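Pasting a structure below so you can have a look.
Note that the chains are named A, B, C and D in the order they appear, and that numbering of residues resets to 1 at the start of each chain.
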């Protein structure tokens, strides 16, 4: 294939579908009880140097509990898929757990402003960066999910985003039009937070999917954290609701409020006060270190973090916010 | 010794190939019967997938279509063709059973036309999902009657890839590595493919048949193991389950 | 892009995404009442020479009523996307409405046998054929849905199916592996049958999706037939259940039992006796002509066909079959 | 004459650009306020889409994130990024509003780094979905304060495509045809792009500003219409709705 142009950014993961096939060939397809604690899941499935991906959209249906645990266990030199990443990246940057990043959106927390901690870490020179767009990372995951080494797309062309990416430009053999070809991205390990899963890993969620369906299928190892485990019969009763089938899932972890302080659709809204607390603490290195100690390193698990931040009473209030009924009973 | 017909024999042999915990992409008819029989005998955790989207159903009866409601009855997921085929493409599916009007010595299948494509004697359904399954699933199997008109020197149309022209040709074609035809199960024998040449090779004889019977009913020269064992006959238990639990309506085994 | 090999089959539709974009730019995005009769929908949206696609899987959640109406109105020289097509193709062949076909699966009715009528029509020489696989057509639709002119895939390679397709083989610029590139397929007009839709076209169904999500997005004109129209508030209450958004839909037609004699998940099972009647009648040209007259041409609409075949009492029985409760109350 | 601040002015001008029945891909903040204001004034059938998957919600309040629950409240569909971006790629989305730390005379945007990419002075969030929206949506608009540090001769990093190097360069890049930057709305003026050169051109002046004001606060030479009309000031009704129904918390207009 005639390559017209090639970005100079790194491709951190191998896009070879035959290697992915060889990996998946060995994966068990049996329905077994895959439930475990988050501590156990992170210990078992996240290895230093792995390429990590986080589901959801920064602070929306994001496995925040998993990010905390990864930091708590002091993982190092991870690669990170920085697609639509906000609070997740902020936590992982605080722990300095990654040293390579595919950057589509990071550093910022959308309308909330920029994360000083994420920014400082990226600017430190300790992190190798490759540039992409949010949709490009979504399409790269889709390529891996389809078992092909690349997919063509029509954004990124003509820009520095292309030049500092690992994409390639080539003409279409049917129309002669120039396309950006993006290489398959298959994370070593991925965490996705959902509403419900059975013990085998069949999972379903409400609200927007972001890029989680592509991500789930693209990943070599997939850990599902969920608000609640449901009986398999419940899944089997309406199998068209299953978005992630059990056989691609390696572990199921029940973590109620696992997306806090982010939003979980139809469950709880984001805790903006606590997210602001993060951004304020980030400004002073010492205060930030003490803050991290308090909310992550000194917490035995995520329940301790929830308790520290107001416990079930706070969760009840965030549920009322989610359902737009703030006014009553407060 | 229990009486059984040739379809029952083929289904039983096929079922024994499906080890517990494997995944299999199946169509309707005999392959589905084999998968169901395997689940009810040695392989309760065999995972069945249908090309239209059904994943791991608890089949309450034999489906009529690979897209009917039975194919996702109490399933783990009712997905899409994309869900299934991309799972196959990623290497998640171990086995598939395919068929065709013709098969050659490399396990290539024809289900498109008899005669010339431009002006066919008989137009057949085409690939359907067969070419996809055969390209992606690790081990492709065929259940078919042993018949000179089916086992041909050259298929009229190469719909679905076997080992193509043998040797390294499949690898060079760009198809996924290390996948390909695995076993051919007929009423007379079981065949595999000789590892170097990728030519069809008889590896066991079904009760009542000789190698010469098989060769006489085959349009090309077959390889063979020197010592040909006997394919174990269906057990009473296998037949009981097949007849009473898998296909009580005799939709497949009554053919 | 270096083309290593090129199939000699025709590509019946233009894969140029800029032409598709120009078409969609002009399409209204306003939520208006799009309900109409099937007669009106076929009259308005199916033009002789158009490329037609039919949703579902042959006789499963297939818009059979739409196929009847297309035949009844005597449309001609259509192109047809023969993906997973069985009873739909049988009806369209009976009417000889198409003269070009992308053939992945046709002629057959799966385990039920072959359709004499479909076979004879394809063998007649009056139909131009291009060969594909079921998944290849699904990927071609996906390409159009993504607004790209092609997608790479790894089946079809090495076979006559490739040689008689319109696909191209080219090396991957990341791995050097040979891929089959398949051109985008954007049907002029598509019919998809679903369980529920609102008057604007937001649609949802149960059971397997087959290739309908790709098909819906790929199509220039999309007609939804549905078992029942529901209030928009019902859709808005659980928007994550919407599989087809209103803005890609041109018409909504309420056709209860619109997939009969095929299966509609959780509604009714296929009428195997009637499908057998088709296959028997096909054997005798005169009997078949009379049969078509009776069940299609002499029927004012699909309700008349349902009545002819046993009416609501038959539908009740097929519902019991769908729910595996045949034994009782018969 | 009613008093209003510069953010209110920009939002009102932007809202007027969004005709009834159009589709707009928006982010949080001012663009979302503009879209909501349009819906509550002249364009009740304006369709809002968020990159994370929300399609045509009835926004109960300003979202904090383009992926929060408000973005699909009573929506037609809660889809995925793929749903939205593929709809944009197919030409279904008419407008988008984008921003950045820098913009040049061709409407190219930088939201990646200030300084050199290899050792940036400031690292910014990157493209996010901006490059995708700008590549696909028919008409890209920007709302930004008129400021020499923002309107630069050359962006430090071309994150998001405008008309690239002007003329036919965007078309030659392979990006979808006939899409590109449309209007730039600042506190001082409204700009479009001269059709041949694709250079930024002032087409109206906001009340209280002269062309010279605009040029002085711009790092490159601006084109202009010969006769520059006055951008109509916000009406009382527009301001009332913006302040009381769109952004009563003054999250955006209070900045």
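In this section, contacts are C-beta pairs under 8 Å (C-beta built on N, C-alpha and C of every residue); 3 or more make two chains touch, one makes a residue touch a chain.
Note that the structure is predicted; figures quoted are calculated from it, not measured.
Student: Taking each chain's centre as the mean of its CA atoms, which one is farthest from the centre of subunit D?
Tutor: B
Student: Return the chain pair with more inter-chain C-beta contacts, choosing between C-D and A-D.
Tutor: Looking at C-D and A-D side by side, A-D shows more C-beta contacts.
Student: Could you please state the distance in Å, as a whole number, between where the Cα atoms of subunit C are centred and where those of subunit D are centred?
Tutor: Centres of subunit C and subunit D (C-alpha means) sit 40 Å apart.
Student: Calculate how many whole Å lie between the centre of subunit A and the centre of subunit C, each centre taken as the average of the chain's C-alpha atoms.
Tutor: 37
Student: Report, in whole Å, the distance between the mean C-alpha point of subunit A and the mean C-alpha point of subunit D.
Tutor: Here subunit A and subunit D have centroids separated by 28 Å.
Student: Between subunit B and subunit D, tell me the centre distance in angstrom, where each centre is the average of that chain's C-alpha atoms.
Tutor: Using C-alpha averages as centres, the distance is 58 Å.
Student: Name the residues of subunit A that each touch 2 or more other chains.
Tutor: Subunit A, residues with two or more chain partners: 17-18, 146-148, 153-154, 177, 179, 206-209, 240, 265.
Student: Can you pull out the residues of subunit B that are in contact with at least two other chains?
Tutor: Answer for subunit B, listing residues that touch two or more other chains: 72, 78-79, 82-83, 89, 136, 176.
Student: What is the shape of the graph in which nodes denote protein chains and edges denote touching chain pairs (line, ring, star, complete, other)?
Tutor: The chain contacts form none of line, ring, star or complete graph.
Student: Let me know each pair of chains that touch one another.
Tutor: Between chains, contact exists in these pairs: A-B, A-C, A-D, B-C, C-D.
Student: What residues of subunit B sit close enough to touch subunit A in their complex?
Tutor: Within the complex, subunit B touches subunit A at residues 20-23, 45, 47, 55-58, 72, 74-79, 82-83, 86-92, 94, 136, 138, 176-178.
Student: Report the residues of subunit D in contact with subunit A in the complex, numbered from low to high.
Tutor: Answer in residue numbers: 27-29, 51-54, 60-61, 64-69, 71-72, 78-83, 85, 89, 108, 112, 117, 119-120, 122-132, 134-136, 157-161, 164, 169-170, 173-176, 251.
Student: For the complex, give me every residue of subunit A touching subunit D.
Tutor: Touch list, subunit A to subunit D: 56-61, 82, 84, 86, 103-108, 110-112, 114, 119, 122-123, 125, 131-136, 138, 142, 153-161, 164, 169, 177-180, 206-214, 263, 265-266, 269-270, 272, 322, 324.
Student: For the complex, which residues does subunit A have touching subunit C?
Tutor: 1-3, 6, 11, 15-18, 146-154, 168, 170-175, 177, 179, 181, 183-184, 205-209, 238, 240, 265
Student: Touching subunit D in the complex: which residues of subunit C?
Tutor: 17-18, 20-25, 27-31, 144-148, 200, 202, 217, 235-237, 239-240, 242, 245-248
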